[in-house]
Every structure is written in C-alpha cells, then in structure tokens.
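Reviewing the structure listed below.
By letter and in written order, the chains are A, B, C, D and E; residue numbering begins at 1 in each of them.
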Amino acid sequence: MTTTDTPGMTAAEAFRQRPLTPLQRLQRILHRHPQISPLVVLIAAVIVFGLLNPRFLEPSNISLVLQQVAIIGSLAIGQTLIILTAGIDLSVGAAMILVAMVMGSLAGDAGVPGILAFLVGMLCGAVTGLLNGWLVSTVKLPPFIVTLGTLNLFTALGLLMSGGRSIPGDRLGPLLTWTSTSFSVGPFRLTAGVVLVVLMYLVMGYALSQTAWGRHVYAVGDDAGAARLAGIRTRRVLLSVYVVAGVIFALSAWVLIGRVGAATTNSAADANLDSITAVVIGGTSLFGGRGRLLGTFIGALIVGVFRNGLALARVDVLYQTLAIGVLIIAAVTLDQWIRRTGAQR
Amino acid sequence: ALGLTGCAGDSGSGGDPTYVTLITKDPDNHFWTAMVEGAKTAAKQSNVEITTAAGRDQSDADGQIRAIEDAISRGDDAILIANNGPAVNDAIKRARDAGIYVLALDTPTEPADLVDGTLASDNFEAGQLVGKWAAGALDGKKATIALLDLFADKVVTVDYQRDQGFLSGMGIDTKDRKKNGDEAKTGAYSGGDYQIACNQATNGAEDGGRSAMENCLSLNKDINVVFTANETSGVGAAQALKAAGNTGALLVSIDGSCGGVKSVTEGSFGAVAQQYPSEMGRLGVEAVVKHLRDGVNPTPSEGLDFVNTGVRLVTDKAVNGIESISSAEGAKKCW
Amino acid sequence: MTGTPILSARGLIKTYGAVVALDGVDLDLYAGEVLAVIGDNGAGKSTLIKCLTGAEIPDMGTLTVDGEQVRFRKPQDARDAGIETVYQTLSLAPALDISANLFLGRERRRPGVLGSVFRMLDKKGMRGDASAKVDDLGIRTIQDISQVVETLSGGQRQAVAVARAVAFGSKVVVLDEPTAALGVRESAQVLGVVRELRERGMGVILISHNMPHVFEVADRIHVQRLGRRAAVITPRDHTMPEAVAIMTGAAEAKEGQA
Amino acid sequence: MTTTDTPGMTAAEAFRQRPLTPLQRLQRILHRHPQISPLVVLIAAVIVFGLLNPRFLEPSNISLVLQQVAIIGSLAIGQTLIILTAGIDLSVGAAMILVAMVMGSLAGDAGVPGILAFLVGMLCGAVTGLLNGWLVSTVKLPPFIVTLGTLNLFTALGLLMSGGRSIPGDRLGPLLTWTSTSFSVGPFRLTAGVVLVVLMYLVMGYALSQTAWGRHVYAVGDDAGAARLAGIRTRRVLLSVYVVAGVIFALSAWVLIGRVGAATTNSAADANLDSITAVVIGGTSLFGGRGRLLGTFIGALIVGVFRNGLALARVDVLYQTLAIGVLIIAAVTLDQWIRRTGAQR
Amino acid sequence: MTGTPILSARGLIKTYGAVVALDGVDLDLYAGEVLAVIGDNGAGKSTLIKCLTGAEIPDMGTLTVDGEQVRFRKPQDARDAGIETVYQTLSLAPALDISANLFLGRERRRPGVLGSVFRMLDKKGMRGDASAKVDDLGIRTIQDISQVVETLSGGQRQAVAVARAVAFGSKVVVLDEPTAALGVRESAQVLGVVRELRERGMGVILISHNMPHVFEVADRIHVQRLGRRAAVITPRDHTMPEAVAIMTGAAEAKEGQA
C-alpha cells in the first residue's frame, strides 16, 4: 500500500488528523452547522458598515434596522413556508395591502369596533391564502401563475375598495395601531410590531421543526410524489400552508399599519421580491424541502443591514442600487463558499 | 443625533458641510434625476453635501420612510422630500422632532404645515394649462379624446392631478378630482362636444404609451386630442400616431424636459406644460442654506401655502387668451 | 385457499396513452399467505400493485377488501384500509433523515402536555426506534442515524423503505422488489421478516425477480405477462425453470392452478 | 372473470373502443399533442374578445397585438432557455435597457457609426449573459439571487450612464432604428422588429429541438446531476445558455429601440415578470427540463391578447388589472384541464 | 494477472462529514478481465467506483490509467479516458426519451450539410439504433420507443442505462448493480454482454449482490468491507459461502490472493 499508515489507525483516521490551517479549521466548524453560515455573512456586514460609519452601530440605529425589516421579515415567514413546499408567492405584498385596507376601511370608514375589524382582517388574510392554496393544491396550477394572478386581483381589489386613499392611524383606533407602540429595552427602542414579528418567528420556527405538520411541509416540498406515496395528505398540507401564510400576511398588515401609521395602498412596492430574497439569502432552496426559518430571519436582517448601512455610508440612491446588487451576490457567494469548501474539508 | 445639527450652520465657510438628504419619488424618472442635478449644482456652491434617496417607485411610501429614518440616524441637517403620499407623514414628524429641517419639493404634504416649507409646482394647474390649450386649439371642433394616464396597479397623486387638471382645463366636469375615469364619457367641453374614446394606463413609459395609444386608435380612429400624463409616455403615443398615419391629433403632455420641448418644436407634441424640477432642487438647497444661516423659511407665493416654482405652457401654436412661451424659449429652460 | 380474500381485484385495466400496462388482471390475496408476483420487466407488476394501493387509479376494474368493494383515490386510502406498501421507487423524502422518513405520516409525539397541547415530536424516541428497526433488517453499516436519506447507499435506502412498511401493524404488506438493492445477508433478513408477517396472519404480496427468493417464501405465485395474469402456480407444483418458462411465454401453466 | 369480453379482443382493447362523448374525443386528440393546449387557450381568448368587440379581429388590430408582444416575446425566448435549465432570469429587462443605452449613447451621444454601436451592444448583451452564466455555472450561486443582483447592477449602470434621459431615435441612425420599419403583408402591417422576433423564435426553436446543444439544455435542466454523470459538460452548457440569452436580450433592445423610437431607461418595467409569465403560460415548467419554445410564443400572445382585448372591451383601468389576474388563472386552468383529463382519458 | 493494469487506484479515501465511505482502498483492473466488486450494503462499493470515474473526487489517493497518473475532475474526464459507467442511480434524464438518453452527450448528426452546417440531429437513425440496442438486452416489452424514461418500468430504465454504457466502444466498462432490477432473462442477457466485452479485450468492473451472477462471470472478486478492501479472491479458489463470509467479516480470505 502506498498510503502512509500510522500504526493502529485506519487510513481515513490518519487523513482526518492531518494538520489543518486555521481557515480550514473554521470552515470545518462552520460546515458542521451550515445554518449559521448566513449569520457569518450578517456579522461580516455589520462589522464593515460599522467601520464605514460608527453611527451604524449605535443602539438607536440598530433598533431602526429591526423596525425597518419588520414588514419584509414577517412576510418572509409566510414566503418561507410556501417556498419550502416548492411553491412561490408573488401575492404576499398585495395580500397584505388588501388586508390592511379591509381593516382600515372597517375601522376607519365604517366605524366598526377595532377588534371586529381586526378579526375580519385576519379572516380576509386566511381567505386570500385559501384561494391561493385551493388553486395550487386542488386545481393543481403552478404557484407562480396562481399568485401572479392573485397579485393582480388583490392589488385591484385593494385599490377599488379605497380609491387609493390612505386611512390615517388616528381613525383606526388603538388596537389596529397597537403595533406602533414603542418601548425601551436597555438602550434599544423596539416597537410592539417588532416583538410581534419575533414571536411569529418563534412560533412558526417551532411548528416547522418540532411538529408533525412541519415535517410534512418539508416532505411535500422535497418530493411531493414520494410524500403522497408515503401516505401524506399532500393536498391538505399544501392548503394548510397557504392558509397559515395568509394569516401571517394579515398579521404583517397589522405590523404595516403600525409602522406607517396609516392603512395605505402606497407601500411595500417590492415586497414580493424582497421577501423571496430574504428567504433565498437565508439558505432556503427555491426547489423546496430544504431550509430553515432562522435562515430567513437572518436573510431579512442581511438585506436590511445592507440598505441601512449603505444609506448611513451616504451612498447615493443609484449607487445604492448598484451596491445592493453586488452585495447580494457577494453575500451568497460567501455563504456558498462556507458551505462548499466546508463540505470538501 | 440632535447635537450635530447645531454646528452645521456655518455652511459656505469651508468647515463641516451641511448634510442634506434629497428624497425623490422614484430613482429613475428623468424628472427626478433633473431635480437631483439641480440640487447638486447648488450644493457645490455652498458647502452642502447631498445624499439622494428614493422610493422604489411612486407608490413606495415604505422606502421613503426608511430614507427619512436613515437621515435621522445619520444626523443630517435637512431633508428635501417629494413625498409618495400621506403614509410618510409620521416619519416626517419624527424627523422634525429630531430637529431636522424638512422641506417638501414638488408635491405638497397633506396637511401642508407638516413641513417647514414647500417648493412645488401644481400638477393640477399643469394639467389645466394643456387642457385649456387643447380646448382652444380645437376651435370648436368635436373633441375625441384619448386619456393616457400612468398606472393601472397603483393610485398616485400626479396621476389624477394631471389627468383631472387636463379635463378641467378642457372645461369638462371631473366629478371627484381625486379619481380618474369617473367623468362622463360624452358631453360638452368649453368649445363644443366631446367624447372620451379611451382611458388607458401607460406605466409612464414609452412602450406603455405606444401600446395604450395603439389600443385607443383601434377603438376609435378619429381621436384628435391625446393627453399623456408624462412626456415619456407621450413619446410612445406619438410613435403610435405616426405609425397609424394620424397627423392631425393634438398631443399634449406635461414635464418640459428638453426632449419634450424638442418634440414640440418638431410638431409631434402640440403643447407641453413645463415644470422645473431642477429649479426645485436648486431652490430647495438654497432655502436650506438660508434657513441654517438666517433662520428664515421660504416665503409662500401669493395666495398659496407653498412657493410656486411655476408651470409654463410651451407651444409653437399659441392660442388666444392662454399665456404661453415658444418652444425656443422653452428650450432655454428645459432640463 | 378458501374463505374471503383480504384483498381482491377483478378486471383491472390501466393504459397510458398508447401503452397498455394492465390488460384485465385479477388477483386474490388471502390472510396468512405470501403471494409472489413475478414477470418480465415491463410486464405490469408495479402498475398492478400501484392500482391495488391507490397510487394509480385503474381505468377499469374493481377492488375489494375483506369482501367489501372499495375505491382508493390516494395511497392514504389504502393505508387507512390496512395496506402498507414499498414501491419500487421507494418513495422516501430525500432531504429528510432516516427516522423522519420511517415515521413519515405517523409521527410520535412527546408524552404529556408537550405532546398533547404543544404537539411536540418525540424526536429522540423516534430516532432510537428507527435505529433499532433498521438494525433488525441487518443493515449494520449506517454510521450516522441522522444521515439524510439521499446520502444513503442504494441498499441502505431500500432497507429504510422496507422497515417503514413492515414496522407498523397492518393487514396487508405489499413489497415491490424489496431486495433488489440488498446484500446477501440483508436479503435473507427481509425474507425472514416476510415469513414473520405471514405467521402473524397478514397477507403479503412480494414482487421479485429473484426466483430462489420467490420459491423460498411464496405460497402461491402470480405470473404476470404482457399486462395479463398468465397463471397462478405454487412452488409445489412448478419448478423454477417452469415458472420462468411461463413468465417468458415459452410454456403454459400446468393444470391444478391455485 | 367479471370483465365483459368481446371475443378476440383483449380487455384493454375493449376498453379502448368504448363509446366516447365528443368532448372526450376532443380531449383525446388534444392529449396526443399537449403542446397545442396553449393554442386552444389562445383561440378561445381571441374568440371571446372578438365577440366583445368585433374591432378586435380587424387585421390592423391583430397587427398591433403582434407589435405589442414583440418585446416581451423576444425576451421570453431567452427566459425560456434559462428556465429550461431550471434557472430564472430577473435581469432580462435591465439587461435589455442597459444594452439599449449602450447602443444609444454610442450612436447618439458619442457619434459612433451605427454598425459599431450595434456590435458593441451585442457584445455587451453577451457580457451580461456571461456574468450571469459564470456566477450560476461556476460560482454555483442560485440563478434567482444572481439575476436579482445583476438586475440591480444593470439597472443602476443604465441609469448612471444616461442620467435617466432618453436618446431620441432620430439621433440613432438608420441601423439602430431599422426595427421600426413597417410594411404590409396583405391587410396586416408588420414591422421589421416583429419579423426579427419571429426569426429568433424559428432559429432558437430549431436549436432547441434539432441540435445536440438543445438536448443538452433539456438534460441539464431535467436533472443536472444525472446529466453530469452521463458525461454532459453541464457547466459549459449553462454558460452557453446564459450567453445566448444575453445576445437575445441585446436583440430585444434593438427591437425596443425600434418600437419606442428612442433608447430609454423607462420601458419594460414589468419585463421580468411578463417574460416569465409568457414562459409559464406556454407550458414550460419552472423546475426545468420540460417545455417548448412554441409554447412561449403562444404564451406571449395570450398575455398580449388579454391586454389588448381588455382595452378594446373598454374595461376600466383598475378593473383591467383585476381582469388580467383572473384571466391568467383561467388560462392556465383551462390548459391544465386539457392536459389532465386528457391524460386520464 | 501480469502487465500494467488499465485502471488502478491506490489508497483512496473518501469521507462525508463524520461518515467514512472509503478508508484507503486499492484496486487494479486488467484488460480482458471481469473484476467483480462485492460487499455489504454501505460497504463503499458505489463510492469506490464514483471515485474511479470522476463522479466524486477522493479526499486522497491516486488513480492511474494504463500506468499514467490521472486526475478526473468530472465524469466526462473519465469518459474521455475510455471509461464508461452505469451508476447505481442510472443517471438518466427523466423527461427525455429512450433514444435521447442513449445518445446523450454523443448525439449523431444528419449526413451532409444538414449535419455539418445546420448541426441537425439524426433523430430517426438514433431512434432505430436505440430500439435495436435495447432489444439486444432482451427488453422486449417496450411498446413505444419514444416513451420518456420516467414512464419506463424500473427494469426497462436499467436496461437503457446499461445499453448506453456498453453501446459505445471503450476501454473500461463499470457497472454498478446492473441487473438489480432486471428479470431473469434480461439479467442473463446482460451477463452475456459482459462476457462479450471481456472477449473484446476490455476491462469490466461489475458490482453485484447476486453471488451466482458474480461467480458466473468474474475472473477476480474484490471484496469490500467497511470501506476497505477485505480481500481479492477468485471464483476458483473460493466458494460462494466463503466469499459471503469474507464479505460479512465472518472469515478471512485464504492465502493465494489474486
């Protein structure tokens, strides 16, 4: 044999114990926990932007970043669920706006009590999800087309209902604007909306990783045919995912009302793309079945940090666009590099 | 973050620059890039540093809110904003609470006293100008009108202000002034009968303008008045008219860029209402500098609650009783 | 055999466009027997069991379970009726690990409120059981029970699929070439499990190309040929070469069909 | 046995020859040629809109529809290629605009001869494709993220180069505006741009269906791992697809200049979504490996017909948005119904 | 065996995270011989041949072809060096039809300008050839040669993969469990093809769990156990039970290793 044998050690053991460079050592550690690789990207970004402008690291600014990513972050929860089933939802922003306008019109224009408006809003979110889910799971249309269609549908409905007018927060009552309540945690200022979003992450993260339903979501996204043959009720799982996502988008509408202080159709222009971006940067595969909600959370933060950090570095808007493009690619390249070289050891 | 604003008053003296954030409605329309250019030119002369930001598109309030928050976090001295709607009001309040001087550009906020001052031109008035011109130029003929607006998937202020302004300039009852398309489809304008042949969205772009105009012509070949809500869509509409051999239609538009004025010279546009975004940018920066030096706010134009940067009608076919400038003159002021 | 079959099919037809996969097939399975299905490649064996287990809906034909007519519209229907199946394609979720696949669709929850209210999975318990069940099939080379299925070797994967089907008590177990990718020892182990199932009074349908295996465990042999049932024979009245001859069309079955 | 046997016929033959309703007969025919099912949808749409407004069917209007879909139609060719490899390209519109501005600035501002500007433009298109392709095939990043990044990058470059100004057609010279040349074919009026797009469909349709390269594109999209093991140079195939797509987007820029009579950054805001929509409505799977270019052509026409038809039916603007949503879903539902019930016979 | 091996590996190591798949494996293949590789499930047989054929890059170890050291970075490299492989996963493109898969990567063009200038595929010719080649392997149940591969039965699919590997002249053919899903007659046919390849002077590596098959055609047998080469034996100096015993670790190889 030509391999160098150390007595009492198999060839592979000897190979394992070869000397490693510190970088290889780091990679090996990262590779054991691939889900933290977006975290590395996030930390790198925070350090770089902190160097560019020290104000970036001030607690007040960090609090701001959290508030800024709250909406996309909460939409991205529902988007993650749907992408895990190998779907995609282009209607997230429109569904959110529609719910916001429903709640806003009821509470602000029709004078319905806040709690009722809220409940109808949640129901409306569930119904938008039901529509998408029914078309995907039962009529068996591609999710891209379904949600493209409902994107147009929900957008138009929201506009027709409101005529494009905003309903200011002071007419909405305390419940609907509760998400804007802000309070201090040490040097940080958080809003109830941010806390709500974090809670949503915890609850859905638990549901995905610790319950049978979560496993079924992964199985359906991984290989729908195999899951069906294995006795999973794929139709029911899909439908439930879309409905749950719809309710999440309704909750996002609540966060949105708190954040902009009004129910308005003028927001979240690119919520679809942004939410998908957060999911993908967070390491979830668009082909379904692979990914974690924690990754999405970090993905949303990464994009938020990029935007805020560039603004604080006084980068002009067009150069910001350019830089965001480059940074997104860089972030995913770094992530891939961590995972890949790790995999080859 | 508040402490820094105090020492920024000595602008022009070569010390710390004055930091101003200019927030436009979207990043790419030439109207806004012209405003940025105007502001930057003025900034160079007075030790002001401009940082630009924008919504993703004209309906993106969230992007503008973020831009305002970022400006607060950066500790900027002033914000110039062309707001995307009342959804940004809260953020503007927070900025002022943080001691930042805020001026509205182009579009007044609702309410107007939300900001320290406003430098704007009235989009409704701009619409009215071209409407009056079209009504006059028709000279009593029946008007068959194509209305080419901006968006089908969002409602933005410019869209209805320009469209409804045009109709009211024509002497047509607009019903709700904030709602496109609710006017009677036929009736009488100030000079005779009218018929609205179509009302289409263009996305404010050339290809959208062309498709919309083509569809309108398919519906009615006799269109003789075309309103386009901005010049880029107007360029597309003019292409469609040319391709269809319709040379008689009066095409009017709003903006007043150099391209638009040239189209007036060449005759593919009948008239444009010229606005002055680079002027707004320049005046905005100057007002900031003046405020930080002297503590004064810009004085509103007579009878208005904002500084009117003006609208002029540019046409080479002047109509009696409507003040206008020639395209040669317009070209001097174009952007 | 006497009595009502636990699973019975009559006149199953299944076509795919121009392709005829099943051309009027009958099948009876009784409790406590192993019915082998043999046939050339493409004879329609897999299609037959797909139609029996709800994975495909036959164009025509009837199914009865315990004498009652049934219509399976999805695999879950068959599972509910007590039919467990290992399909030839294994139908595992590639990105899930071994124990998640083994318990897919019948996950176990933690005891107490954690399970009943918070519906928390008993991951550790399931992993332990999964390990034991795969070991039972003689697969000793799995070094890491939390390996995801797509990284398993062909035989390891097959063992997981077989373990899943036999692990949960049921009436009928259908195995489509369960030993194709298995090693010598592992195959023997699976045949042992099949015998055990029969002992427990279940009905087993076993598809295999391995004649020694078939003749070792089968009570009756359904010979499938060109989409039809060519014959039903028993290992007692036919030899292996005779069975192969019927399968390939070189001979007819002798009288005395079971 | 309980099946009814006709003597001399196998059970399946007897089943085959059972009496069918005319609808079932139609379905069986359609099922033999699933690729024509979008055509059925198109024809149905044309009939409906023709009934709503007879002017819709006039040759002049039909010619207009062709011209209106030319840009999206040509972008959709490149998009189809990329989607067939299980990718997606969000940068199509931005790449087209960037090329248009490069050609426009060179010919219109810098006074470079038209042919040179044109060639540089094509090269620029190829380079955009090369960048995307390199990141996807060699750095192995997800196409969604890569093209999202380059979408930002190309958009910013185009705007920075032009400052948002358009360059009018009369400064571009005859070559760059050649695509606007129009001529009559019987009662129809076509433009050179439309002819160019049709030619591109023919050439790429041939390349996909009749050459080894086309097969490799399908194989890579179908199962990249299997294709690699089968000895396909997947990296090279992917790279070539993106470069070819880049050139197609550059040609689209040429068509665009002809259509709008200017080199401009304003157009094609929705080009990404619209081109993907055309591909998906045309029956190509977003998961790669399945679909036909002919379907994309019909898909683009379907969307064009919807838009034009709704305008001619005098549907209000906001209701048009709503109707487009509903129609897209209806179109794909019909398509699925044809395919599915056909499959079950 | 004497002379230079056409394919030779020394000290191959391959680990996946915590899993050790190959633990220092040597292998020699000579022209004109059939080398069987046997071993339990998960012993590392498939990983071994993946490392030999460029599908995986070993962590350590060297490869030589005809005595020259080589580094395969992708399967195409091995193919270029004259090594054809049927992987256990078959590596067919599911949505392409039989002939497209058979000729994948070496499509034939039309004669004349159509082929040279317009690079048009000779679809009809390839389809005819594909049909003949699949028939050669005894698969007679394919009713429609333009069927896409994903609709084929398990055995039909395997036959397509085997046909692809043996159809094109080469130096070495590597077959990973080529008869696992095949019927009795079809398996015999494949073994015939293997013998034919040996007659033509090629080297064949055959992985199989079917001991009768192995002992029928192999010249030498590489026994893989727990990621290592446990022994190399020949069918003459060892019996089947002995081979199985070595494989499972119950016995050591007798002296006289090949």
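In this text, a contact is a pair of C-beta atoms (placed from the backbone, for glycine too) under 8 Å apart; a residue touches a chain by one contact, two chains touch by 3 or more.
Given the structure is predicted, the values throughout are model-derived calculations rather than measurements.
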Message = What's the minimum number of touch steps needed to get from chain A to chain E?
response = 1
Remark   = Overlap of the chain C and chain D neighbour lists contains A, E
Remark   = If chain centres are mean C-alpha positions, then the most distant from chain A is chain E
Request  = Tell me, please, which chain's centre (mean of its C-alpha atoms) is farthest from the centre of chain D?
outcome  = C
Chain A and chain C, separation of their C-alpha mean positions in angstrom = 41
Remark   = Cα centre of chain A to Cα centre of chain B, whole Å, reads 36
Remark   = Taking each chain's centre as the mean of its CA atoms, chain C sits from chain E at a distance in Å of 29
Task = Going through chain B residue by residue, note those that touch at least 2 other chains and give them in order.
result = 27, 153
Task = Scan chain C for residues touching two or more other chains and write them down.
result = 17, 20, 89
Query = Where does chain A touch two or more other chains at once, residue-wise?
reply = 152, 155-156, 159, 318, 321
Request  = By the touch definition up top, name every chain pair that qualifies.
outcome  = A-B, A-C, A-D, A-E, B-D, C-D, C-E, D-E
Partner chain E, residues of chain D touching it in the complex = 206, 210-213, 215-216, 218-219, 222-223, 225-233, 289-290
Remark   = Per the touch rule above, chain D residues touching chain A in the complex are 86, 90, 135, 139-142, 144-146, 148-153, 155-157, 159-160, 273, 276-277, 280-281, 285-287, 318-319, 321-322, 324-329, 332-333, 336, 340
Query = Tell me, which parts of chain A touch chain E in their complex?
reply = 1-3, 5, 10-12, 15-16, 31-32, 344-345
Key: Parts of chain C lying in touch with chain A, wherever the complex brings them together   = 55, 74-76, 79, 85, 87, 89-96, 100-101, 104-107, 109, 118-121, 123, 164
Ask   = Residues of chain D touching chain B in their complex?
value = 53, 55-56, 58, 60-61, 64, 67-68, 71, 155, 159, 163-166, 168, 180, 182, 189, 256, 259-262, 264-270, 307-308, 311-312, 314, 316-318, 320-321
